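Each of the next two complexes has subunit A plus one more chain, namely subunit B in the first and subunit C in the second.
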Partner chain A sequence: MQSVPINSTAPAPDMWEPYEPGGQSLWDVRRVVHLHRRAGFAATWSEIQRDLKDGPQAGVTRLIKGGARVEGTIENFEQTADEIGEAAVLSDNPDRLKAWWIFRMLFSPDPLGERLALMWHNHFATSNLKLRDLVLMRRQNDLFRTFARAPFAKLLGAVMHDPAILIWLDAPSNVKGKPNENLAREVMELFTLGVGNYSERDIKEAARALTGWSVAGAGFARQADAHDDGQKQILGRKGLFDGDDLLNILLEHPACPRRLAWRICSEFMGEGMAEGPALDQLAAGLRSHELDVGWAVQTVLRSKLFFSDANIGTKIIGPVEFVTGPAHALELFDPPPSTLVLSEWVERLGLSLFYPPNVGGWTGGRGWLTTRAIIARGNYAAALARGELSVSDSPPDLRGMARHAGRDANLRDGIAFFNELLLGGRIGPRGLDDIRVRAGRPGAPDADPLTIAVALILASPEAQLG
Partner chain B sequence: MLTRRHFLQNSALVALSPMVPAFLSDMARAAGAQRDARILVVIQMEGGNDGINTVVPFGDDGYGRNRKAIRLNRDDLVKVNDHVGLHPSMRAMGQLIEGGRLAIVQGVGYPNPNRSHFRSMQIWQSSRLEEDQIDRGWIGRAFDQLPWPRPGGPDAIYVGEEELPRTLWGRRTDAAAITSTDDLALRLPVGKSGSGSGAEAEDITSFVRRSVLSAYGTAGDLAGSGTAGATAAAAYPQTKLAVQLQLISQLIKMGGGTRVYYASQSSYDTHGAQLPQQARLLDELSGGLKAFLDDLKAAGLSDRVVVMAFSEFGRRVAENDSQGTDHGTAAPLFVAGDAVKPGLIGKTPSLEDLDDGDLKMSIDFRRVYAALLEQWLKIPAKEVLGGAFDPVQILRNSV
Partner chain C sequence: MRLQAGATAGSDMRMQPAMQMKGPPDAGAARLVEIRRRQQDQVVHIHGRVVDPDGKAVAGAKVNAVPMPAEGEMLLQPVALARTTSGVDGRFELTFRQPPDLPRNPADGPAVAGPGPSSLIVASAKGFGIAWKEPAAADAKGDLTLTLAADLPIDGRVLDLEGRPVKGVNVIVDSVGPVHLNPGAPEPAGQYLPYARHAEGRPEAIVTDAMGRFRITGLGREREVHLQLIGRRVGFTRIAVITRVMKPMVENVGQVVVGRVQIVTYGAKFDYLAAPGRPVVGVAKDARTHEPMAGVQVRSTALGLAPAADAGGVLYCTTDEKGRFRLEGMPKQSGNLIVAVPGDAQPYFTRIVAVKDATGLGPVTADIELHRGVWVAGKITDKKTGQPLSVRLAYSTYLTNKHTLGLPEFDRGVGPGVVPMPPGGYRSAPDGSYRLVAPPGKIILAATGSSEDYRRGVGSEKIEAYKDNPNPVGQLYQPIPQPKVANAIAEIQVPDDAQTVRADLQLDPGESIHVAIIDPESKPLSGVYVRGNKPEFVPMASGSFVTRLEDASFDAVGFGPDDVRSLLLRDDERGLGKALFVRLDDVPNRRLTVRLLPLAVVTARLTDPGGHPFVGLSVQAAIRDKLAGDMMLPAVKTDAAGRFRYTLMPGWDYSIEASGPEVNGTVVVAFSFYADPGSTRDLGDVRI
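On to the complex of A and B.
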């Protein structure tokens, strides 16, 4: 029997090699729209044209550097956002804090930064249902933004030394001799390692290490008399560990980069698109880059895998992106949509910002598409196209947009244009015909069939995927 | 027994329409095993319902002695036996008992009763007497024990306008809130039937197409039948609670795998002028509950649903000087559905043998929870309740 020699020195193929346009994989509207729907909150027609001209790497660089938006941003954005945020906190009305975040997502020059903040809100899922403190909720949210692209140690350290997570996971009642394991369990299971990478004994010992971490006033406090300063054994290491030692042990554990790689891929890659070797390689890369999240996000977004046909249109668009994306793409800038109204829609679609359903966050994916949420998505599409989102009820100038893009403003061409702008042209000819027939049916309440057509595009099965 | 799946795959489709629309057959196909799961509906009667004027021990001499201004006339009561009768506005619930669909568990409470609405509700919702263990609710703790993440819709849905009740808080529990039927009405001329291809495939594109078309089909179905049509089998009264229950019934019929629904009714805090107020509330409860159960029965779903209605405490035995009653302790609790052992369960509390002017508790509420969790939802109760509680025999033995 012949044996096949195994060449163990041959390098594994690079799963994350950069994308270069050519051959079957052209840099076209479809791929530009894919990039912005996955990594931002969609793009306007001129942003799409800009990226088409400059090429994929320039487009990704702009997202990474936080300057992807040319339209719909606001002068002195940070200052305006801060004023809105302050007022929301002072009002003590959670709806206004939600609206503040929607404002940031809609108008920030850095849409990727807001996407990452949302990802971390899901990762360190903390609910105001228990905290009832908008000051703390907002402060934690700012940490997600400030350290969104940082090496993970910085983000983890900042979040774990912040009152929100400590109160959320009962740190103040975790005291020497009477441990509360809540924080210890979740920091291992959810924040760093993932289930199966530690034992129940590790949790008990980690809880001991975390004793004394508490909250005083509105800040982090170490209470020496509550701290168990005895010897602990955690994940095979022994020492007189405290909370900071615990975090270092977790950050150095090989399961941590893998969990991070999983988190980043579930945010930016389609269903089933990053498993096995791709995940392993990204985890290995994270390890050699000091768990640098920015590096990993960039690697994913620049990759051939990210722009591959198999990855396009294989992720269910979440409520936040479903609501804010088309509002940006359809240039609802003046008058701007009411962010309170948008945030209500996000909630109807099944996501209440600052109120994740539990400590594990939103499961997302297929779970978003409940019957109620799908109907809400359809109704949102109708409200958006009809211009019902702003205080003054101003419908977007759909025909003007089509003409501005050099298209004919008749129904057929208009439908084709908005299919490209909103979905990268995902709806096929038969679907477009169907939309044209339905939109043009006499007796429809709206004056302009194009309005119904745009709503139908956004309510289509194709629009739920990005 | 006819299951939800069988129902959808056979009888319902034939009954609804001579020609099966594509979206309905899609829905029938999508009805998986979890859609046959049992459902618990909880009704929270907020404010502390006066149990003595609800399930009235008219045969107890103490009744006339303690209740003068707010005494209910013996002849007006809906008699359950020769000692106990229901409040006159609870005729519908009387019919439920006769029809074998309502159990009343008497004298339910907990040790060292707390008379604060807030604190007592926390205890009922969390099922824990310890103040540092109220971060989760009993339903939340129950789901926290199940494998996670779980596919499908939310584990629990609260219908109402308040924030999510503590009962549904959990670490691994997905609980949602919904306010009105408007959430289920679609404002677009969408297509309801797509091409049949891919209906069986599990890839994401097929899944999304199937889900979207099925949802639009459901919306069209509800719109087509209208609110009246959807409830033709059971005319719901025009009350707040009935609207909530009607919405729950629609959600159950849509079949999303949700196993617990939660509704609430407020204003039971009757310190003054109790008679008209409580009569209205009990009428709302009684009429809403019967309409809901009749509706589910007509839809062939009543064997899957059990309803529990509770209040955070009962009221003092002696009335106060304002034709009302003050905060008390033990009270009756209602459990309804095809699966219950109908009639009175437990001892009717004596109005003579009191504890500092209050009724003595005879059944710990956690024993009721234990029955609902273990015998109905088939979820182990010990971890949830923080100890072993002997389930009260509320359900039929065959369940």
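On to the complex of A and C.
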């Protein structure tokens, strides 16, 4: 990426300089695992080996192009996913819709696309608690996926013209003479600009611009009678603005790319890793690339900063990634884990898909690690290692996997292998010794110490960070 | 009859209304009633012919007589009353003992008239879709023609929520019937055949193969089929299929508080995404002694949000000698209920238990503690003949009954309190004997027969609770025996130290009045439609004329000493009719001759004050006479111009009302209108 000068005559260092392996920064298992845990839902041993061999450019390109998965995907994935989604909607059981999304995360050839859809679900946090309509929830979710990497104007336009957000933020009751400011407030505060970049008056005027945007049947409707067609002043601009004009004004505002840069970095970068100049530079790049999200994501994932030591293992893994990642890495493909059960675990870990806690979404980070959630993470790790997630209770063939990777299947080597596969080898020698001792302790409830060891690896402090 | 998605709606029991007579007068209706009466508990001989869709004789067709399950009953095993095979000329003969007619359920509503058929005759042959008819559909000579249908196989595939085929799922044909796509539309002609698997003698279940596939043949093309899917790996579900080449049809029925209501109907070839199942395990024990109880049947009674009736008794198992049970195939979801039904020799209350849904797919535990009651036993007979009767029995007890207060089976929660009953309720056996479990204290026992000839509410006059209110909600547990429905009602004191309390009930046929019908020229008149010849509980207002008399006279039956009966006679072909009120005291010799008079007609156009017509308003006339009580004639609707045409029984003063949402309730069209025989009167434009 080109460096973007910010208020300085001297060229600022390029914060998003591309990563080139070498020196202290080798392209190794640790970095490949880091890439897939951050940008996807972990990787199998063969996927790791493939990327290790092909190099970071190829590895990131596969993710960007939606072809990172070679194992566990199924034939006619989109068709099958559609059938599952349709049946979920028809069941009118929200748990089934959650399971559908987990299915997509587990088996889609495009894990990055699902990560981005999850990011947008958090950005435009809409809850079925109010909508009570799985048709609309799924339709919105599909928009997040379709426009996941698109220029942001397309995504924002699609979401804002879709009934889910309009119902969620009371657009139908925002009418001429009796404005409801909910949608106007959130489109500025959460979706585009962020707090501090607008005034209360801007919100009032924006609400007037949005009057008449409503829902008819299951679609977007402009109700001319309800629209306030008078003059408005929004963010210093005057005109007979309507909702579309408002979106254009917001998209052109300098705070919008910065908000987007923050959102993308929150998703892919570790805590405190992309602030100040890094955000500014990414924002400037976004602006010069017409808010192209795909460009920004690619820039981040290819950067030296992303692969820097300081960025590895500094982000608390969220419930969705914690649950789905190891299921993919441990190759639970046949039989696959029950997606209904996985979504239950995600919920026990603190995240209920399609039910964000409020308009601001999930704050994530340390908030994921409540005492209750930590215990649930440990229990999930045990259930996963024991194979209790599918109807037929099939434990993963851990020793077979180790052997297939060319390792000895003894406990010590097995533990070392799964430390690499699951965490990029981030548990140090003392931690591994501790796991070996605990797994081999007589009287442990499971017959195979390696099963206990894998559960301990997944429950370790290192596994909570990615 | 349709299924609802998600709610797994559509019980067999709900299908029964569709099997019963409905709608406009039918020339065969009176004969049908007669045939039913003759067949009750009698040996039936049916003969007929099996033909293909072109009317050609089909040799070698299987022909079975099968019983219809009563409300709430479950046919656990394939059964046939008789079986045979058609000869070279397609002809067959069957002889079997007709089971008692099925009592109708008051919840079926007033549109249903008469008891449902208690048996069906079913024919099947390779390469064709099955045919079925009730025995009463035979012609006057008892000959029944069964026309086989063209066939279209159902090719289905069961996949799990991960899109993988599910092997080993049992697919059971639940019912077959005519296509009925719009739930709001009238039921189509024809009937549903429940439990088709029993009817045809096909294997109990078709099992999905390694690719999750199954194929069902022989149900016919253009039919609506309901299937049950049962398996260890999938949660029980019911699905609707139309045997037609089409994509799944989704019908949005509306938005409700808990979400969107949608109905899905699959075409003949489809994939079904099945949610996983999980076993429910537990132990049934005596609540007091904690001794395990063997032989207790455990059934599913509600699956998720589906109403209890929709899932009733679908999955079942029985406790072993240690009281243990394992119920497979319960869907993994919250809101499941199971019901423990004590064995025939166990005087315990039926108990419903909620099943919690924990994370995962492993077994969930739901232990069951059952409380002991007291046997109430006796015999149900006809008061006049002493013949034993098979009837439906129910009881209630007072909400203040201290013996029920500590029992979870009677738990009132936030509701009105419900008496625990086994699925299907209690019935007396063909020999009239019955036995049920009741709590100590005062109970109100009610018997309701399948015949409509018996008096209703006999005995209720002696019960304090009914003195001021025929439906004493707030005093009694639900369901409260209704004097307008039940034939015999008695209050019984059940001592708390008793093993068994005896209570015999009699159904009273009452007195009959022989009614002869003549026309204005005093000639006997046959073929007249009649209402009120039996002690019906259906309000006159909503009922229609379903019984046509073959003869010029009939017996009006079931009169009690103080009854006042509305009797309506009508012959639209000849434009004659009569409405009268009959009391035993007024007919000392029990013979009555009724002269029909020319019907009166009243017309009008209903508009708003601005002269705009009210379309589709319901217009109804009531006789203005203190004896008439709630007697109203069947309603008519205003047409596109706001006009209605109402035919009235002559010789009475009427009030006429219109109702509908457009007028915010009910408005008076004419307060007093005398219907002169043979008159036609136009009230002109009536502004309301």
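We adopt the following convention: the second predicted complex is superposed on the first by the 456 of 466 C-alpha atoms of A that agree within 3 Å, B and C clash if a C-alpha of one lies under 4 Å from a C-alpha of the other, contacts with A are read in each partner's own complex, and residues count from 1 in each chain.
One rule holds in what follows: a contact is a pair of C-beta atoms (placed from the backbone, for glycine too) under 8 Å apart; a residue touches a chain by one contact, two chains touch by 3 or more.
Treat the numbers as computed from the prediction; the structure is a model and nothing was measured.
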| item | value |
| --- | --- |
| Partner chain(s) touched by A:Glu83 [first = subunit B, second = subunit C, both, neither] | second |
| Partner chain(s) touched by A:Leu389 [first = subunit B, second = subunit C, both, neither] | second |
| Partner chain(s) touched by A:Pro461 [first = subunit B, second = subunit C, both, neither] | first |
| Subunit B versus subunit C as contact partner of A:Arg348, first or second or both or neither | both |
| Touched partner set for A:Ile375, first subunit B, second subunit C, both or neither | first |
| First (subunit B), second (subunit C), both or neither touched by A:His36 | neither |
| Touching partner for A:Arg436 - first (subunit B), second (subunit C), both, neither | neither |
| Intersection of subunit A interface sets (partners subunit B, subunit C) | 348, 383 |
| Parts of subunit B lying in touch with subunit A, wherever the complex brings them together | 132, 135, 140, 148-149, 151-154, 163-164, 169-176, 178, 183-191, 194, 204-205, 207-209, 211-216, 218-219, 254, 256 |
| For the subunit C and subunit A complex, residues of the former touching the latter | 5-7, 159-164, 233, 250, 255, 257-262, 264, 271-273, 275-277, 304, 332-333, 359-362 |
| For the subunit A and subunit B complex, residues of the former touching the latter | 129-130, 170, 173, 270-271, 313-314, 316, 348, 350, 357-360, 363, 366-367, 369-372, 374-376, 378-379, 381-383, 434, 438-439, 441, 444, 452, 455-456, 459-461, 464-465 |
| For the subunit A and subunit C complex, residues of the former touching the latter | 74, 80-81, 83-84, 87-88, 90-93, 95-96, 99-100, 103, 107, 132-135, 335-341, 344-345, 348, 383, 388-393 |
